[in-house]
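Think of it as A, B, C, D, E and F in the order they're written, each chain with its own count starting at 1.
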Amino acid sequence: MLSNLERAATLVEALPYIQQYTGKIVVIKYGGNAMIDEELKQAVMRDIVLLALVGVKPVLVHGGGPEISQMLKRVGKTSEFVDGLRVTDAETAEIVQMVLAGKVNKSLVSLIQNIGGRAVGLSGMDGGMLRASAKDKRLGFVGEVDEVNAQPILDVLNSGYIPVISTVGFDADNNVYNINADTAASSIASKLSAETMIAMTDIAGLMRAKDDPSSLIPLVDLKGVRELIATGCISGGMIPKVTCCTDAIEQGVKKAVIIDGRIPHAILMEMFTDAGIGTMFVKEVQA
Amino acid sequence: MLSNLERAATLVEALPYIQQYTGKIVVIKYGGNAMIDEELKQAVMRDIVLLALVGVKPVLVHGGGPEISQMLKRVGKTSEFVDGLRVTDAETAEIVQMVLAGKVNKSLVSLIQNIGGRAVGLSGMDGGMLRASAKDKRLGFVGEVDEVNAQPILDVLNSGYIPVISTVGFDADNNVYNINADTAASSIASKLSAETMIAMTDIAGLMRAKDDPSSLIPLVDLKGVRELIATGCISGGMIPKVTCCTDAIEQGVKKAVIIDGRIPHAILMEMFTDAGIGTMFVKEVQA
Amino acid sequence: MLSNLERAATLVEALPYIQQYTGKIVVIKYGGNAMIDEELKQAVMRDIVLLALVGVKPVLVHGGGPEISQMLKRVGKTSEFVDGLRVTDAETAEIVQMVLAGKVNKSLVSLIQNIGGRAVGLSGMDGGMLRASAKDKRLGFVGEVDEVNAQPILDVLNSGYIPVISTVGFDADNNVYNINADTAASSIASKLSAETMIAMTDIAGLMRAKDDPSSLIPLVDLKGVRELIATGCISGGMIPKVTCCTDAIEQGVKKAVIIDGRIPHAILMEMFTDAGIGTMFVKEVQA
Amino acid sequence: MLSNLERAATLVEALPYIQQYTGKIVVIKYGGNAMIDEELKQAVMRDIVLLALVGVKPVLVHGGGPEISQMLKRVGKTSEFVDGLRVTDAETAEIVQMVLAGKVNKSLVSLIQNIGGRAVGLSGMDGGMLRASAKDKRLGFVGEVDEVNAQPILDVLNSGYIPVISTVGFDADNNVYNINADTAASSIASKLSAETMIAMTDIAGLMRAKDDPSSLIPLVDLKGVRELIATGCISGGMIPKVTCCTDAIEQGVKKAVIIDGRIPHAILMEMFTDAGIGTMFVKEVQA
Amino acid sequence: MLSNLERAATLVEALPYIQQYTGKIVVIKYGGNAMIDEELKQAVMRDIVLLALVGVKPVLVHGGGPEISQMLKRVGKTSEFVDGLRVTDAETAEIVQMVLAGKVNKSLVSLIQNIGGRAVGLSGMDGGMLRASAKDKRLGFVGEVDEVNAQPILDVLNSGYIPVISTVGFDADNNVYNINADTAASSIASKLSAETMIAMTDIAGLMRAKDDPSSLIPLVDLKGVRELIATGCISGGMIPKVTCCTDAIEQGVKKAVIIDGRIPHAILMEMFTDAGIGTMFVKEVQA
Amino acid sequence: MLSNLERAATLVEALPYIQQYTGKIVVIKYGGNAMIDEELKQAVMRDIVLLALVGVKPVLVHGGGPEISQMLKRVGKTSEFVDGLRVTDAETAEIVQMVLAGKVNKSLVSLIQNIGGRAVGLSGMDGGMLRASAKDKRLGFVGEVDEVNAQPILDVLNSGYIPVISTVGFDADNNVYNINADTAASSIASKLSAETMIAMTDIAGLMRAKDDPSSLIPLVDLKGVRELIATGCISGGMIPKVTCCTDAIEQGVKKAVIIDGRIPHAILMEMFTDAGIGTMFVKEVQA
């Protein structure tokens, strides 16, 4: 166990890292294991409340895959498929909306409030934040973001709350769309000109050799990403995750980081230690 | 059809009524038929957007009975009973939370935004608005409000949005409580020192003779209510509704009104015409 | 007589029109019959108070021809003429100042206050709003605006009042100038980057065939105006009125409208109905 | 002629006097000779602009007796009398309004602006500042102040202008009342909790021996005034002037001073020199 | 060495302690060994910058005994004595002023700025903060605080700086007084209604048995202090230090703590750990 | 002696000069005789308090040569020389810091406060205002300004205080540098985009014929200065003083003036009279 002196010294050692982020917006895409495991969930919320306390402006964007599947199953909803892709009909979209904006979102807000933070949950409808349309008519209400209105997020931040965001969008006919949380986080981070976007995943980061943690790539730039895709090092399910990071960078976010959400306090370790964890994406690595 | 002149004249005739409410907070308990019928729903939302536009500060508090029942049925949830009263177990409370905060709330926000208003949906968790505890341990998560934190509502109002509120509360252990919307509206109106609380119901108001609209009581004070209860004129299911109104009055709300939500634009008719509609409760009727 | 439901519905139908103007500055040149007939005057003031109430920022610019003539007659002042044009000597200018800034202006302010609006009357001297000089030395104190200082108007608007403006200007030697109210309104609207300038007149608008209301031109752009002047359709006394509108448009005002002040609530009908009334001038009509 | 050194030294010597008044409201009742003589008028306006520049908040309240008489004469208006008192009929009240709010007020504003100050003229109608009613029905529109609304004065001060006030009042029926400027200044000073009210007159101040300047009373308190009235030292036309001062004192104004407006820069001499001039009224003179 | 995970966990564990102090003013009396040892000095400044970063409002009050003695010796200044007490003549007072306000104060400000904090140094003269007079005429310019003007401290805090205060006072004749830093810190903390006053000393705190750290008294209230003085447990040089703490408590400061400045990061350990260190003084210990 | 009327008239005559400077920043380099003679010192401080009172924003930058020499002598510090130039070792730099920031600065602040002004003293360390480095390594801690951070000066101005600045700079290693006050004043004036920089010296200004006051050059532009240097009219010790003025002008200060600090109230005479005194530098004299 740490002595009180070690505790105090640790706080002071975090000083220069904290100073770097004070007053800056950090968008955190929250998902994966860190959202399922109760202890990890608590740890993430504590990290975020701490960020808010030391003057950082965290914006939490969450998905909710497992809880959605569970609820769909519970109501006996089976999915249709078009060309092998799952169709989101209106009924499914409504379930998604209920689970994300009603259950997951409010549970996170409740956790943050009980830790002593201040949070307000927002969906894409609130303040007209996420205007969406169908990505592919055949897939139904799978949406893509047409326009992000950052005002409600900024209003919530300026009133001193941590915005917790469900990525459900809507259109002029009051249709509801399920929007991929990674993509939405990227769009939101861009619109907010965030300092950093942190994507919590269930992998350690980009690795040169598959499943070999010692080959972790700590820092990569846009050119590097193109090469890694060309050589097949980034492939399959990693491509969309990486694309969200590079999209954010290209639209003005300074840094994007993929971190391993399975490690407790991964956010603080990334932000407030020298080593950081995971893979950081930047526009251009200085030679 | 009205001529343009008649339209313009009507606007001007509303002037003194509007002036009375400018800058004042009006809490509207939204429920019953006005929430089920699509056309009525649209009409209510338009009324509320208009109120916001003319400088009134509307706060919408909604329930969601029918949609909750439907969802419970859909997931095959049957209720237990204790002494003949329905028990809200944790699973039910979660469904309530999802339907109210996830579906109903966000659909209303979506409607308001598409009419051209600005709205943000809040649950009792957001900003720690509604701290609750069990009313009766045996009934599970049926909650009563321990404390209303008006700050998140005021923050949302001051940022220029219409707050739309789901009456789900929470406690320090992250339990979720289903709170009666009438009671919650009354507590919220008191805490906000609202000018008026308007409760939308499926009746025309208090009537001296049951089911005889011609016996409608347009105005009653606290003493009058006590007499009407004593004489049995107010009885059964009306008692809790009336109590919400008198509670609000006793805790500082200037006026409380029970209106018939089945009539389109009932809110505007109540607020912006001489006659008003329904039954108004005040502290003391001047002789 | 309208039912309360019709009244409420009418308010709601005005919603989208009102939303268009919320927060925008609308300069109203008030004059002609609407200023002489007591009932019309009351109606105009109500229209303006309503505009303020629904979030529009009206600025009222008034003339006062008939009252000036009457006063000049009363003090036995006869005018000299130069080349057939009436000369405004210092004594006449002083009478103009008294009638406009002392009588007409303050009477309008009084009316607005008694309707429940808030107004402050300003002359060109107040806050140094209208610096003027002689248009033609031989005509004496007939002024043209050298410089509009919009600050006092904005200060009055920002303090929550409706500015009511007399178009009397002054120079560095404390001379007073009578300034044509149409011209002044146009300059003021430009300086304020107003959304709309509405000129109240005693005609229905521009007409293709003289005195034939069915030939009313509802919308015209700068190119159209030039053609109408070329073809003689706009001529005589209409030319200066039209020029004020086109001047305003050319200097950044979005729309200018000539409406018939003899119709009660013409302002609201123009702004808050689909049809509008009178003739609207814009920069360029979209094909 | 003064050397530059003498000039600079004089400025510095005024320092402690200026410091005493910085940020304080000083109501100046402007009238008498200082308003008729062009040079004195200029001097007074310069004094007031200087006050504003050094951080004092001057509020100028003016009458306009001679100009009113002249105008009445010019329109051939003869007055009726009731019990020997002049009746102000509606026509006369309108002339008063025109002369005060239209001519005198705006001329003063013009002067101040041209000296480099910033002024906005207000009548009792503006912002509903002076609600009035008839003092004595038989005398017509001679008004007494029912209520002073200080808000428009404070709004004008806070926007950085010198308020110049005509003492014309109005009622709910849009009637106009001529209000005695001394009385109005006293009511306004009280409502503004002014530091000082300065009344410019054509006498040197209160004198123990009539017309003997050496018997000037420089300082007197409420008790002293009562004695001077009892002994007949204050009598006749002096009584209302003195009453305005004592009324102001009794309603919270710290000091009231009667100064001789015939002396150039009397205001500055009173405020910024040790000796002061005229007679100062205070609540209680310290023994 | 700590792992990154331990570091992150430590930050999060400090959360509830930090939350307790967010937005609160903490006055730190800095002196003794912590001011002489360069490493300790750096550690204290880092602690203070961290406090500011996490939303606490630290106010640093410093003495400077050793540096003053050294400078007096260097200029060959020997002290006179009256009844065995050292006299502070004008020359000595000037040296004190130079060393405290010129050297010590600015060196601390320099340190804070270079760590990345923002600081402004203030002496008792700045903004007229400490008006003082002689405690005992025979001792010359040893001052006692007549009046604390908290405004300059609040202005500096509100502009986002850490106020660093030298306890030199002045009087209306521009005399300079050396004021005991403990006493000044107590007066300043009272005037600021600080949450806590922390006095850094060279002892571990109050001990029941002299020099026996195991007998440390962690918490004591006003009644307890009176008893400890009565029993002789608090005596000699401890009495004035304890009196400063109890004075502060009696004048509205919530807590006062004597901590051992020889321990690095003693401030953080006191504020951000459960155990705390040193002796805390409160008004009344709850049974 | 002046009569009260002459005093009042003088104040009013200063009006247009004061109006010119209202709200503008004026940097005053204070030094020379005006800093040694007690009476002159008092006069300068009164001038500055008056400036602040009439709405000018004075910034006082002071040196302190004689007091530094005296203190160095007193501690028996003898200087080393390199190539005939005096070396400022760390010990000397510390004495400079003490005398400037501790004694001179705080004495001036004390004087201003006792005259009734509000002042806060700042050194180059406060708020990180003056980052410096060695001008010439061999001369030790003689600094040149690397960067001026105007924020602390603006913060102090905006809180309503007169900033009094000691020109001591610092670097990232907490070294202290003695910075020439003329140069620092010029850099500060540039960074603040001051209206005027006034340098107080012990000469009457630039003279065409040495020591012949009748040959004083009242106004000169950059081109003129180059000619005067070329012809040898400006030479020796005057060159650096003139360069500070021209540097300021080139970096955006509107006017720079060298005035004779031996004349009481020289600042006011320069600013508030037609003639001015001394030599004014401008970018380009209009033909």
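A few remarks follow.
By our rule, contacts are C-beta pairs under 8 Å (C-beta built on N, C-alpha and C of every residue); 3 or more make two chains touch, one makes a residue touch a chain.
None of the values given here were measured: they were computed from a predicted structure.
The minimum number of touch steps linking chain A to chain F comes to 2. Listed by label, the chains touching chain B and chain F alike form an empty list. Where the sister copies chain A and chain E meet, the same residue numbers recur on both sides for over half of the interface positions.
Relative orientation of chain B and chain D, expressed as the C-alpha superposition rotation angle, is 120° to the nearest 5.
Chain B and chain C have centres, each the mean of its CA atoms, that are 45 Å apart.
Rounded to a whole number, the gap between the C-alpha centres of chain A and chain B is 36 angstrom. Between chain B and chain E the centroid-to-centroid distance comes to 55 Å (mean Cα coordinates, whole Å).
Under the stated contact rule, the graph of chain-to-chain touches is a ring, a single cycle where every chain has exactly two partners. All chains form one closed ring of contacts, and listing them from chain A in the direction of chain E gives A, E, F, D, C, B. The touching residues of chain D, when paired with chain C in their complex, are 71, 74-75, 94, 97-103, 105-107, 109-111, 113-114, 118-123, 125-128, 152, 155, 158-161, 168, 170, 172-174, 176. Considering their complex, residues 2, 4-16, 18-19, 22, 43, 46-47, 49-50, 53-55, 115-116, 263-265, 268-269, 272-273, 275, 277 of chain E touch chain A.
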